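Below, subunit A partners subunit B and then partners subunit C, in two separate complexes.
Let's turn to the complex of A and B:
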């Protein structure tokens, strides 16, 4: 909680100090190219911007604007600065933070991108921005039968929503198949194969908006994990036990009518096109003791391929998932401790593990990561590249007396790009490792002593 | 406890030998426990740690409820997720022994911060109790024929297929703990009979209480023990020990049994328990007669007998008349359907199709005897003979036990389970006696010095009655031995010093050397066959959880997990209050795995309700729709095995739906569903 407030305070401070020398009119976008990838249910927008400072004072940062629906579904924004010419381009990651503007028209949301070095008057900079939207494809029709394929709407604007004047811009939309039912045409716009091109549009004023609807076929698996709880249990005896509880659902058009298993299995090409029955989880290398089960037992359809870089677990839920269907399952595995636990220079230990969800191409609506530290650990704190809710709990496991400290990290709307390393620091004395063996030994010792005493002491009242 | 070497004169070496024998016995018993536990893990290794079949799922669900809500909620539990719209009072209609046992284990483990799930505890309850049952068998057989026989019987029971079939890991059913309770109750009865200790008599009543909590099969105990008491009285073996063994059991046992909600007043009202009360009266009469005989002169006694008999006849006649009148007033003569079908094997098939439709209520076939008790079937007669030489109170009990259980197992295949411990005890006795005779002969032939060898032999297998005879001779020595022990451990050591008479008998039993060796080898081979068969039965025949099926084909192992697929689907994709109709077999699984309300389940307490579902299943669509609609059914679960060739699907059970439906609703006629001209059917 403290960390969260701290970050919030920083944001506020930055926000209060900035507006003095950076107003919207000081920058303009010379050239913008946007590529929207609609091939899966995670919408990826690549934005290439060329920004020019037309003001008189240097600009340290710029704003990215998003419509209210987008800001709600925005999972991640990343920005890179491009320096160098064509051949030897170098990319520098830039700091991106959510920002608030008091005079935002129509609840527009903002992200603030801080440049590497303030942009002097007349200078230009090239940026690449990637932002990821979830839950942005709206199935229409809302309900489909087993034999139909899934059609979705995508709402966006043909021109880039920006607080700056945009001199020239083009938008490319990539659909997963050539089947596009309709799309709003704003001249010049045309469609070729899987690509729809909007633009080029010249000289659009700030906050220009041209709503478009694209209605197209998308049968990619709409795998949405409603809730994922990952428990990472550290044992200083040499392993890391990870248990992942999934609540999975199919986020696409709801299934209507009957489900025919015979059709599903015999006419796979035309039946249940939007359903999915296989998932792929990317697990760490050197993973062992992998299990895949649910509340009522083992689920027998899974394959594990271990490798040096990563392990892949290919598995099927108990039944194919059609729109709106749900399934819960548990994946558990163990990895060697030395790959993930390190000792910092100040003697503290830290766990270095991957955030996010191991399933590929999956949205997680609510992710909770619980790092269960060994009994006797102190002063835990977590370091992440983005803000999450943090909390501390206590868990009692095998023969615990004081309980284990659990660092709980919680984040909503997680996409595969969130799979980045995070660290949990804590202090731990190795002597605590011997507590439980000592308890067992002394318990057995006591039992033997007691039985010895029992055999040798005569408790009879009457002499025999 | 085998005293293998020839006895040394020094007392310290004797003590050492006893200590060594004790340690060896304990070690063997521990190993037997490990064997009993681990042979039942094939199901976990070959399949997974999961609850098996049908009834265990109900028990599992009850245990979950118990561990979540506590004991008081459990007693008052009205389950509205089954028998919709009637519901079922669970607390008052289950035998709570198993669930309370597993619930207690779970609670203890969790309060020690060992976070095992309820499921894990349930899965491994049965193997743990099999180990207990083996130890109880050891104790019982030791009381009857010494510890050699006890160890043999324990090792046989640890892996008898009949018991394995009901106690593999995951088979979380009443029988899992009940067989232990059964054997342990018998042990305490024999123990009381041998010692005449009121302490053991009280323990016996408590063990009986645990048995009543665990399984409806407790009626076997409450009929077998009176029979044995009656047998003892009739054969002139009445003794105060018999009285102490029996009278407290009836009084305390009945009081305790009445505490179990599912039994309640049945403990005094139903015919299953009448035999025990009758014998209770008889034993008092006999005790009184013996007492009077002791204080009166023989002449006076004769007069008294005539007087008492004439009055007694009148009283008895009145009592019997009242009893008959009471019993006759109830429609089934005071007997429950299942008990009646035990007395009259054709009863169920004539009157109650629902009992007859359960495969485990059918009479067994001959091969199933071989499958379930294997070579024990051949050893049992030898064991019976061994029990008659000499016949004691305790050995007459095990003979009676085997005779009764053979009869009951012949009526209902399920009761093979009761036969198995008896067969193991008998075979253990037979094996141990045979080994004694053969090894004794070999030792005699090789040893030369006959006197000392004989002595050694006798320490092994001197039966109890000889022991009591020997005790008077050598009482001092025994007391000396005991003084090193605890006062509480009053159990008689197998007598060290046999009487002269048994020594003479031993010499007559010496066999030629070659014969003994060959016979020994043959016995070992027999044992080896038994072990091989048991391991095979445990691994192949009885480990399938039956909710997940596997088949081996040329392109590898195929797993059919369709049951759980459908339950998981129901659980995640239907509304929590939806009603699911299915044939009653799947009721328990649907409530436990899918957590949905069912119309009928495996409890089968309401025949009309089952008949309604049977009628719906065997009616045309429109009529079936109306029936199901009236029951608020939203989903119907049917099992079709035609595509993959699964034989026990709903089509296989269809005729029972028709029969049970037709039993209540006469418009369903079985003949309508059969092909009249069978010649036309081509396959």
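Let's turn to the complex of A and C:
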């Protein structure tokens, strides 16, 4: 069974067996523009690159380099190829995979981007790369009182780290507010309002790195879910029951001193500026029977708004969350089966559901998704656009004899960009659905047979 | 490449109605069975009739309890 569960889908395996690649010096980045968005605790970097092939052989791919700390915190890398000009631009998604280079200087990490078609000698291509970093904003001061604002450090390089020579580059950093305590100045660098501009820098050699530290104010809610277990139970009798167990923390500067409820309620704009008390969860459109509770019981501070394209659950934990505080709760809901279960052309059934966490702007440190397949399902197989750890378990539930197969998908460092559909395939013969009523029928029949036996058995000692 | 959605074999909105009807019929046949047991004497009893009545009653009661479970939200 274990051999059948591959970590990569077959399609991904084909992409990994790419033929020879061109050496690092064959490509050159003519122009690079990087925009770093530091508005929330999830750091989003947008890179616009213009790559030129200065070698003599066509290049099928290029490498993106990341520093060792960035590689650890990297949640997602996506690349798009831009074709066309001005108003008629089209974007084609490119394949991006982590790569290992044996001669990497200073433990640099790499991602390999495969072009749509191999780049001929002298040709240029425009790429847009998006990468998302988590846990990259370091609170400093580490502990703050209720009335203080939250200040964080962001470590990066003013010069883009690349295995290729970069002819011209500029970096724009966007901060959430105008309060920036300090920023490392690498000429030419200047700051205007909420934007810091590093550049333009000309003709930087490959692997050049200029570390900068930006110390700024960030009071956006640092909502971090330490652990989320989502259980999706499929019932062929008509519904999908989803139960989510959350362990939520505030991942910013730790709270020190007392918590004054009077200050918090009277001077809300000053007191607890970096704390948050409400969260938004985006649920599927036709959702019913939503509940929000924890170990104590039901939590009534929630509002559910159902809609045609999505439903929104705005909920509040029992107390506002300050730095280092935790809240544990369970959210559960039911959705109709026909929205998510389909039949493939080869007769197998598959569940099409959205991966990730329904909370907006939240990082999940450890996400586990358990898809409970009905009893009698065989050959479970999950297909996802990125790598996860797959496993199989057995769960015993209502009217079960042999137990239900559970497909367990586990992933670390999940951000809202991971909310993409995934599929779980399995085979199921519809006749197995009759096993449950058959069990109930035989239970009742046993009661009748017992009463028959009682009536028919003659326990008289004397002969009539 | 339109995927065919899979739904329950019986419309979900029918579960409460179906459960009431099947359980009522099942309980009526159970009543017939026990009335037969108590009103007939040992000589007149026919085992075939008893088994047939109990089989039909248990089928209706079994499906009725399944629909009752589904209607009350326990999707087994």
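Please note the rule applied: the second predicted complex is superposed on the first by the 431 of 464 C-alpha atoms of A that agree within 3 Å, B and C clash if a C-alpha of one lies under 4 Å from a C-alpha of the other, contacts with A are read in each partner's own complex, and residues count from 1 in each chain.
In this section, a residue touches a chain if its C-beta (ideal position, glycine included) is under 8 Å from a C-beta of that chain, and two chains touch if they have at least 3 such contacts.
Computed from a predicted model, the values in this text were never measured in an experiment.
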Have a look at where A:451 lands relative to subunit B and subunit C in the superposition and call it first, second, both or neither. second
Counting only touches as set out at the top, which of subunit B and subunit C does A:344 meet: first, second, both, neither? second
First (subunit B), second (subunit C), both or neither: which does A:336 touch? second
Quick one: is A:399 in contact with subunit B, with subunit C, with both, or with neither? Answer first, second, both or neither. both
With both complexes overlaid on chain A, does A:237 touch subunit B (first), subunit C (second), both or neither? second
After superposing on the shared chain, does subunit C or subunit B touch more subunit A residues? C
First (subunit B), second (subunit C), both or neither touched by A:296: first
Touching A:440 in the superposition: subunit B (first), subunit C (second), both, neither? second
Looking at A:460 after the superposition, I want to know if it touches subunit B, subunit C, both of them or none. Which is it: first, second, both, neither? first
Contact residues of subunit A, present in both the subunit B and the subunit C interface: 397-399, 455
Mind pulling up the subunit C residues that touch subunit A in the complex? 3-9, 12, 33-34, 37, 45, 47, 50-51, 54-55, 57-59, 61-63, 65-66, 69-70, 73-76
Within the complex, subunit B is touched by subunit A residues 262, 293-301, 318-319, 324-328, 396-401, 454-455, 458-460, 464
Please output the residues of subunit B touching subunit A within their complex, sorted ascending. 47-48, 50, 112-115, 479, 482-483, 486-487, 547-548, 559, 561, 564-565, 567-569, 571-573, 593, 643
Which residues of subunit A touch subunit C once you look at their complex with the stated criterion? 233, 235-239, 241, 289, 334, 336-339, 341-344, 349-350, 352, 397-399, 430, 433, 436-438, 440-445, 447-449, 451-452, 455-456
